[in-house]
Every structure is written in C-alpha cells, then in structure tokens.
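The same chain A turns up in both complexes below, where it pairs with chain B and then with chain C.
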Partner chain A sequence: MAEMMNKSNHLLELDDFRFFFSTKDGLVKAVDGVSYTLDAGETIGIVGESGSGKSVCAMSIMGLNPTPPGQVGGGDIRLNGQSLLSMSEKELRQIRGNRIAMIFQDPLSSLNPVYRVGKQVGEGLMIHQGASKKEALRRAVELLDMVGIPNPAKRARDYPHQFSGGMRQRAMIAMALACDPEVLIADEPTTALDVTIQAQILELMQKMQQERGTAIIMITHDLGVVADMADRILVMYAGKPVEYGTADQVFYRPLHPYTWGLMRSIPKRTLDDDQPLTPIKGNPPSLIDLPKGCAFSERCPYLRPQCRHGRLRMQQVDEGHYSACLQSFESSFLLNSPRHDSEAAGADALGAVANGGAAQGFAQRGGTDG
Partner chain B sequence: MVDVLLHVEHLSKDFTAANGLFASRLGTKVSAVKDVSFDIERGQTLGLVGESGSGKSTIGRCVIRLLNPSAGTVELNGVNVALLKGRELKDFRKQAQIVFQDPQASLNPRRTIGELVREPLVIHRIGSKAEQIERVQELLAIVGLNPEHINRYPHEFSGGQRQRIGIARALALRPQLIICDEPVSALDVSIQAQVLNLLKSLQDDLGLTYLFIAHDLGVVQHISDQVAVMYLGSLVELGQVGSLYGRPHHPYTQSLLSAIPIPDPKEQRSRSRIILPGDPPSPLDPPSGCRFRTRCPIAEDICAKEVPQLVFVAPQHFCACHFAAPNPIPLA
Partner chain C sequence: MLQYIIRRILQFIPVFLGVTIILFTLRAVIPGDPVRMIAGERAIPETTYQMIVQNNHLDQPIYTQYVYYLSDLLHGDLGHSYQKNRSVLDIFAEKLPYSASLALCAILVEIIIGLLVGIISAIKKYSFIDLLLTLSTSILVSMPVFWLGMLLQTFFGVWLKGWTGGALSLPVSGAGGPISAYPPILHYILPAVTLASVSLAFTARIMRSQLLEVMNQDYIRTAFAKGLSKRAVIVKHALKNAMIPVITFIGIDFGTMLSSAILTESVFSWPGIGREIFLAIGQRDWPIVMGGVVLIVIIVMIINLIIDISYALFDPRIRYGKKKAE
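Up next is the complex of A and B:
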C-alpha cells in the first residue's frame, strides 16, 4: 500500500503499524502491518473477531497499551503528519482526551464510581483548556443536554450507578466530545446495550459527527453496525489486515475469503430462510503459533499451495480496495463470493418490511403467511 | 392434531426486591414475568426475544423449575411441572434440560469434560460405568468433538467447543425439551454459525423441542418456528416467524425490527428507522395499563387505563396492543 502512504495530508494515518507483546510463550504479534487513513468527518469501521487485534490497534493510537510487555514493532501513527509514536508522555497527554478521545464498550467500568457524572464530564476541560471548576461544570451540563440526557443540571449531580446503561454511554460520549476532539475512537460502543438503545446511540454519534466534523474509528464485530456507520472498512484477522475498502466495495464486492466467511455466517434476513448457515470451519489460530504464509489458510476453503509461502501483503485490487488474498486478482476466484450466492435471497425482506411502502408490497404477496 | 409438548399458561413470577434488612417484610415485589401464556409443539422451536430485564430468562428458568413460578401453570406432556416434588421432579429433569450462555461459567474447571458430560448419567443412575463412558464418547461425537479428548479440562477448549460440551451434557439424558438461554451470544460470528447449525441438525436428528432465548433477532429468526416478544415482563406479541417478522402488529416489535442495523450499507442508508425515546422503565414501578406506553409513539389515554390483552390478529399470530395493526407506527 506504499503509494497510498506517500501523501501525509491526512488527519490520522497508520502506516504499516505493528505492535507486539512479549509473553513467556513467545512473541505475540497483536497488530501486524495495519495501514489506513482517516480524514475529518469520515468514519472507518474496523471489523474482526476477538483476538483480531482491532482493540490493541486503537489503544496504540491513544498510547494506552502497557509497555512492557508491549512494544511497537514497526511502522508509524501520525496525527496531521506528526508521529504519535515519537512523542513524549507529556506531549501525548496533551493529545489524549483533547484531540483524540475514546469511548469504550463498558461505560460502567470506564466511569469512576465515586465521582459525580458532571465532574467527570467536565474534567477534560479543566485539564486541557484551563477551565475553572464552575465553568467546567456549566459546560458539562451543556454537553449532557446535547447528548440527550433529560434534566441535565440535576443529573450532572448523580453518580454513574444512578444512570442506566444507555445514559452512561451518552455520558461517555459527552465526556469524549468535551474538548471537541478531531478523532473519536469508539471501541464496541453499543455491544453492551440493548437494540433500541443501540439505535439511539448510533444516531447520536452520527448527529454529533455531522455537527462537528469529527472523524470516527468504529471498532465492532457487528457487520450491521459498520454498514450503518462506516465510509470505509478494514477487516482484520489474527492481527493482520485482510481487506480494506469503501463500505460499498467491502459489502458488495468483497475480495477476501475471510470477509466472505463472516458474511455467510450471519443469518440472512429473508423470511423463507431455511438454509443452514455456512460457518468458517475451525477456530482462529493462536497468535503465538500462526500458520506459515496466510494466517487464514488453515480455515480457508480455497487454500492453494502458494498460500502457505512467504508473507502476504495487502495489494490493491481495485481503486482504493485492498486485499491480502493472493487469489483476489483472479476473476474466476471472485465468483465464489457470497454476492454471487442467489441474488434473489439478498432481497433482505426485513429491511423491506421496516419501510412502510415495501411492507404493503409484502402484505400483498404474503397471502400464505400464517 | 397438534402435538403440544410444552404448555405455559398465565405464568407469573415475582421477586422480592431484597434491598435492606426489612425488605422482605416491607414486601416490595418486582413482577419479573406477568401473565405469560404460550405453547410449543413437539419438534418445534419457540424463540423468546426481548431486551435485558424483559423476563425472558426468568421464563426459561420457571419452565425448567430452576425457579418456582408465583402463579400459573407450566405443563410438559400434560403434567404440571410447577407441582412436582421429589422423585417426580427428578424424573422431570430427564425430560427438560438447559444450555447456558456462558460455557466458561457453567463448566466446573476442575473436572474433565468426560466427568462433566457423564454427571447427569451418574446422578440418575443410568447404566454401568463402562456404559456411561461409552455414552459420553457417543455424545461428544454427536456434538462434533473428538471422543478421545474425554480426559481434557474445559480450559483446553475454545469458547465454541465449550458450548458444544454444554450441549453434550444437556443431551445426556435424552431430553425432549431443551432451553437454550442465549447459547451463542458469547461467541464470535463465525463460531456462532457453527453452534447454530449444530443445534438445528440435532433437532432434526433427535426430534428435540427448543425454547430459544436470545436478544439477537437475526439469530432468532433463523432458528425459530414461532417467536414471542417480551417487554418488561409481559408478552407483547406471539406469532409464526414469517408472520411476525413480516407484519409486526405491536409497535414495540416494529421498533425492535427497525432498530437492528442491517449488514447492507445501501439498504441501511435508505430505510427509515424508528428510534424509541428513553429507557425501559424500572420493573419495580411499571407503568399502569400497557407497560410499553411510556415509550410508545402511538400511545393514547386508554393505554394508561387498560392492560391490553393478547388477541388474535392473524392466523397463529397474537398481539397485546389496543392499536394492533400491521406496522402500527406510521413512517415519515
């Protein structure tokens, strides 16, 4: 992906970034060669299963991984062309929570239980912008109001345990947005929430992004959430990037067999779906003992001898669309993609139903419902 | 003739909110499940969906008598489970088993998987030791594990494999009914599909009946014949999967379906979503009348006064709403 990396006028840029952990069993390459760029107002979705390195990668941007046992294994992370990796802890502290902010999966464990919510939301303003205690609290109330907490002046005096799960996540978002960061990292922000609350939070994040032009890194395992939020998508597997492209490219012309496997593993939302799912066989490999060549090779149904050799790199297959699979260049190979499974089944009846007009169409067709 | 295996009628479960020394005397009751009725036919799957605190797991636990229902009946093969005692209760355990969400927490880390899967056979004194071990090996093979791993410990297995061990243990006594309480929620997508396929093929091979509890509507749609939607302890809608997903009649079901992000960017951008305001109210102090009315976009005065009953809206499709209609919330 070298050609892509030459321009450095991006807001955030990861350039062949690697992060390793030394363990007693050997070196774990938790993040191994991740590159992407992010500009203002954009959202990148990082998709992968547990252990794929998506969270470690995000924590590295914030400089929050413990070193040791962790260590940067190579590459660079740049904010407006400035390397974050070569900054001192003091310089980093001015960026963290100020220019780059983060929201976590579990808001209860990331809010301090013994401080009032308002104080925690305003804390960043006191640290980074020199606001007085009173000013910080006033702004905190405004922020809580902005993220849709009813009666914010009163609720700012509550402790985190007095908030519901959805409200805590709203408070986290308020806290993250306090200093108007350029980059917001959201690590599984809705995974712990119920569906109707998830919808509220995703809508809030989209609204905040439109108003402020914040760039968002959305880390999730839910393909539905990335389809909703992301402009571009990076798929990770065993610490390595396997596919990168626009949301439409990755969803409609997926190139990598792992991406295909993920898509085939989720139940289709058609009403006459009685087909068994097509899971990916086996389990993710141990990061200490990765197979030679392609990390996915042991689970890949399209394995060829050459997949076992050498180190596979991301290669551009289409404009802005990268894949780490050797066979992605063969058009006959791409016929195996789930997009070529029966097109009719992709009618996604559930989506059609949620739209009133289409639901009528269904009603007329669906005389045999009951 | 319909062959009903599980019949649940007017099931309610109250808990005492034990908060403080005199809580039980003050008697603050939380009604976790209120007046829930449904049937499951033999060999079918009922999916039970709802958000956290909706009472879906409580129903599962009442059905299998891990909890005693406060009111109502639970009948398996026509026998009221709620009244069973001693010997009869023990016999009932052979007919109904449960698979839990977290295989890590439900398998004793100090026992080998052979011991874990054999335990039900030991408790119920089925067969000699040699026969039991043979059965355990057979069970491990059925769920797709290597029978030679019988002497390994749970930590030597991955999450998906541990869930298979939990399923093997549930199958040991050849039950008719299995309660699956969020069996795939803790698993990664690719592993989730493996376990769902296993559950489906076991059902076909062994004629099992499932009560499948989950919050993921996609998974429930995939595995279920019938679906029941819970909100704050009440059953709001019950129907055949095609009918309920295709033409939801309750505003809550409609919102729930519209809130799931669809893994298809164009579809997702073009559809209009219904975003419910606020949080579910506390079960300690549920709203009067319809429990959903505080978040319902189409609520009117009557909703605060009268509790809506579950009524027929389409063949095998029932809904508890004063304004039940296909897609009742109009879209902008």
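Up next is the complex of A and C:
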C-alpha cells in the first residue's frame, strides 16, 4: 500500500493507523494497521463483525476514544493532509460536528431525552457558526424539512420520545449535516431500524451525498448495506484489515476467505435445500490472545501450515485490490470463492447482495450482531 | 395535571387516618394517667378529677375519643397542651418560623454542597480528591446527627474560641436575639450544617453515581461528536438528566430531615417545633406530640406532591393525567 501513503491530496487518509487499549488482561489491539483514503463525494464501506475494530477506528477519527485506557499505537489520520492525531483538544473540537460529523446506531439513545429535537439539531450551528438561538432553530427546521420530516416547524418542538425510530435517525442525519461537514461517519446507521425504514434511511443518505458532495464512511456488519452505497470496501477482522478494494472487486472477485464467509452467511432469496446457509464457524478470537499468523486461521476452512507463521500484511493482488490472505495469489485457491459456487446459485447470491441489501440485512443481523 | 393533583390529595386521606390511628393507639398503650399529666403533681379533689376526665372525653371508649380528636383536627384544633395550658396550634405557630427557616437553610446547604461535591467527585473520578470526598461522605452518612452536633459545638464553640483567644467562634445554642453576642445569621450555621449532614452526604453520592452513569450514555457521545467542550457537555447535556433521581431523593429525604430536626434542635436548643416535640415526649404531653407528628405528616405529603409535579419540569417524558398514547 506504499503508493497510497505518499498521496496527501485526499480528503481523509488513514495511514497504517493503530489504536490500542490497555486492560488488566493485557494490551488490546483494537485497530491494528488500518489504511484507506476517502475523497469528496465518495463512500467507503467498513465491514466486519462486532469487535472487529470498525467503530473504534471511526471514533479515532473523531478523537473520541477515551484515553486512557486507549492510546494511539502508531500511524496517522489526516484530514486534507493535516494530522488529526497531533491536534489539540481545542482544535479537534472545531472539527467535530463541523468538518467531520457522525451518526450512530441507536437514534433514540443518541438523542438527549430532555431537550427538544429542534434545539439538538441546531446546537452545532450555535457552536461552530455562532448562530443565535433563534437562527439555529430556524435552520434546524429547514434541516428537518430537508431530511423529509413532515411538518418540521411543529416537530422541531417535539422531544425525541415523540419521534418514531426512522424519524429519529432522520433527525440525527439532519443534526450531523447541520454544519455541512466534509466527512460523515455513519456507525451502523440502519441496524436498529425496521427493514422498511432501513432502505429509506440509506436512500436519504445517498440523496444528501449527491446534493452536498459529502464523503461517507459507512460502518456496518451487513454487506447488503454497503452493496448499494459504497465505492470502496474495507473488510476488517479482529482489528486488522483483511480485504480492501472497489465495491465491484470485493463483491465480484472477493479474495479473502473471511469475505467469502460473510457472503455465504447472507440468506439468499431462493433458499432451497441444496443451498443451505453457511455460517462462519466458531467465534471471533480474543483480541488479547490472537492466534499466530493469520487472525482468521482458527476459523478458516482453507487453513494451510504457512498461515500460522509470520505477520500477515495486506498485499496488492490486483490494481487497487488488496488481501491479507497468503493464498490470494493462487488462482486455484480463488476457485473456492462464492463467485465460483454452482453457476446459478452463485449469481443468485451476488444478485441478492447487490439488489435487496436492506432486506437481507435484517435476517443476517440475527446471526452476526452481538 | 389538575386531575392528577386532585387524585394525589385524595390519597392523603388514608395515609392521614393511618398515622393518626397509630398515634392514638400508642397513647392508649403507653402507661401514665393523662389526668395526672394535666393536673400535675399536686393532689386534686375528686370533682376536679372528674371534670378533667369529662372535658377531655377520657370516660369515652378510645374510638369515640379518636372521632372527637379527628373532628377537632378538621376544625383546625390540634388540642390543648397538658403542661403549658395553651393551644397546640398557638405553640406551633410561635415555633414554626424558627423550624422552617432552619430547614430552609439546611436544604440549601444540602443542595449546594451536596450537588457540588457529587459533581466534583464524578468529574475527577478515582482521583485523590474523589477519594477524599467519597470518604468524607461515607463518614457523614454513618455519623449520628446529635453526635455530629456535639462535635461541632465542641470544635467551633470551645476549641476554636480557645485557640484564637476568643476572636473566632460560632454560637452553639439558641437562635440569637437581644441577649446573644452573635449576629442572628451565625446562629444558623452549626444547626443547619448538622441538620443537612446526612442528607448532604447521600445527595453527593447519588449525584456522583448518576452523573457517572449519564456520562456513559449515547447522547453524551453525540454531544461530544458535535464539538462541545467537556464542560458544556456536562452542564448542558448531562446535569439535567442526572438531576432527576437526585430531586427524588431530596424530596423523599425531607421527612427524614424533619425527624432529625427533633434531635438537632434539641442539641442546639433551637426554639423550634422539633425541640418542642422532644420536650413534650419527655413530659408525656400527648397533644403536642400528636400535633407535631400530624403537622410533619402533612408537610411531608405536600412536599412530596410538589416534588412529583416538578419531575415534569425536568423530564419531558413524564406527563401527568390523561394524554393521548404515544
């Protein structure tokens, strides 16, 4: 990934970033060597199971992980070439909610129950643009209108508990977009929502992105969610990146057995007897006591002796397509990919991923959410 | 809302009946001839004895006496003191301003110091200062009120006076007045601190744990993500949420404070209702004891109602009375 590190004209750039937590049981390498770049108007999907480090990585961009017990273990995060890690808390505050904003998984618990929605949506404008209370509220009503909340002037005076789940997430999006941020981090934004609402929220985010050119980091455990939205996808496992490429590359020529596992555990639309779901066996490893060599080795059905040795790094297999699996270079190995399952079933699986994202996401969540 | 208040006031009735019945039973069970209490130690003629019995309905069965008492009560008559030959209501009316002003001071001390200590402990959690404050509140919680009062009297009234050659000291008795060498306000300090001590310690501990819990909530993360400073997050987003259980406690605790006022006022010879009740217990002056307890019950019930209503101000999720279901 050397050529990526040298470019500094990206909007956001993570460069071999590491973030560790010291616990009484030992050092937890929650994020271990993550690199990616993001440009204006782009969407990157970060995919992985619970505990894969995707959320910690996102919170690091905001500088919101508690330190201690957390500490940066190395690497850098740059916004327009400027290192976020070397900024003071005061400088970071001017970026949070202003240039980088974030929305979260559970919109109800993410809104303060004792303040009116309008006040919370407009609060960022008062902090970052010096808007008066009245001005902030007026803009908040506009924002609520923009994210499709009916009768926004009246609803701005409501409290969060008076909103439905989907409306709350719309309000969160309005709040995040208030200061027109360059980067929007969405941490599992649809996980807590009904299936029908999930698609609406994703659609809204795409619409906002087209209108404003916001770059989006979409964090999810659900391949279906990123299928429609992401330009590029980073798959993470046990704090480490395992596969990185364009959405097409990752979906149509997946290189890493973990990515294959994620795809195979998505319920397909035509589920029949000879196409059972194939869950990934076992559980994610403890981050304190990772297996030697490849972190996925314990659960990998294609394990070879050499997987247990040395430290595995991401290697470029195709132009812009990286994998941490040693065997990704062997064309015979890649025949195991779900792409090469029986012709019809394989196409169906990928078709399902690419088209009906949100619907399968709901079913898949039962399996992988923790 | 109005419906809710009316319903709550109706709930006062069974509580009130229960308390008065218990008191009345106690009076009947505890030995001692009421006539002797009223008449005093001197020998009295039989006719006078019978007169006292009849005037006080003492020849009637106890439930009839109770009905008489309730009827008097509803007419605003708390009875006549056995010892002082004055109406209980008059006595209380004279003492109430002292008790009320002392209780007010104590609550102010409790709220200001308790909240402040709790907030500082929470912000500086696990630090030395947090340890120190938590330790102090633990000691305060387990210290008997009257003993704390005496310690304070010894320290500020005797030792401090000795060390500074009389230049610095605090009054340890009474509520001030023409014969006191101190300005009246100083008389409040020690009794108010003593009266507030236990409640203050509990308030601080509840405030600390609530604030720590609220700081872990998702909406606090949202507030940080907006770019607010830690101070703004605590003041604007955390405190209002953390206050709700603290207010509940302060309200519920008010009754406890009124009962410790009986001890505090006695230790500091504070001329309030608490001390009056304390003295009356010793003299078996039942009308004052009963009147005092009845008064305390009424005050506690009213304060609790006010606290319940004030929740709605802090937590918009709480609305009383009928409202369309969400």
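To be clear about the criterion, the second predicted complex is superposed on the first by the 341 of 370 C-alpha atoms of A that agree within 3 Å, B and C clash if a C-alpha of one lies under 4 Å from a C-alpha of the other, contacts with A are read in each partner's own complex, and residues count from 1 in each chain.
In this text, a residue touches a chain if its C-beta (ideal position, glycine included) is under 8 Å from a C-beta of that chain, and two chains touch if they have at least 3 such contacts.
Given the structure is predicted, the values throughout are model-derived calculations rather than measurements.
Asker: Once chain A of both complexes is superposed, is A:Val121 in touch with chain B (first), chain C (second), both, or neither?
Answerer: In the superposed model, A:Val121 contacts neither chain B nor chain C.
Asker: Pick one for A:Asn112: touches chain B only (first), chain C only (second), both, or neither.
Answerer: Only chain C; A:Asn112 stays clear of chain B.
Asker: State whether A:Ala101 touches chain B only (first), chain C only (second), both chains, or neither.
Answerer: second
Asker: Mind working out whether A:Gln162 is in touch with chain B, chain C, both or neither, as first, second, both or neither?
Answerer: In the superposition, A:Gln162 touches chain C alone.
Asker: In the overlay, answer first, second, both or neither for which of chain B and chain C A:Ala136 touches.
Answerer: neither
Asker: Using the touch rule from the top, collect the residues of chain B that touch chain A in their complex.
Answerer: 51-52, 158, 160-161, 188-194, 196-197, 200-201, 215, 217-219, 221-222, 240-243, 245-248, 254-268, 270-273, 275-280, 314-317, 326-327, 330-331
Asker: Spell out the residues on chain A that touch chain C in their complex, using ranges where they run on.
Answerer: Residues 62, 64, 93-98, 101-102, 104, 106, 109-116, 123-124, 127-128, 159, 161-162, 172, 175 of chain A touch chain C in their complex.
Asker: Quick check: in the complex, which residue numbers of chain C touch chain A?
Answerer: It is residues 217-219, 221-229, 237, 240-241, 314-317, 326 of chain C that touch chain A.
Asker: Name, in rising order, each residue of chain A that touches chain B in their complex.
Answerer: Touch list, chain A to chain B: 49-50, 150, 164-167, 194-200, 202-203, 221-228, 230, 247-248, 251, 261-269, 271-273, 276-281, 283-284, 346, 348-351, 353-356, 359, 362-363, 366, 369-370.
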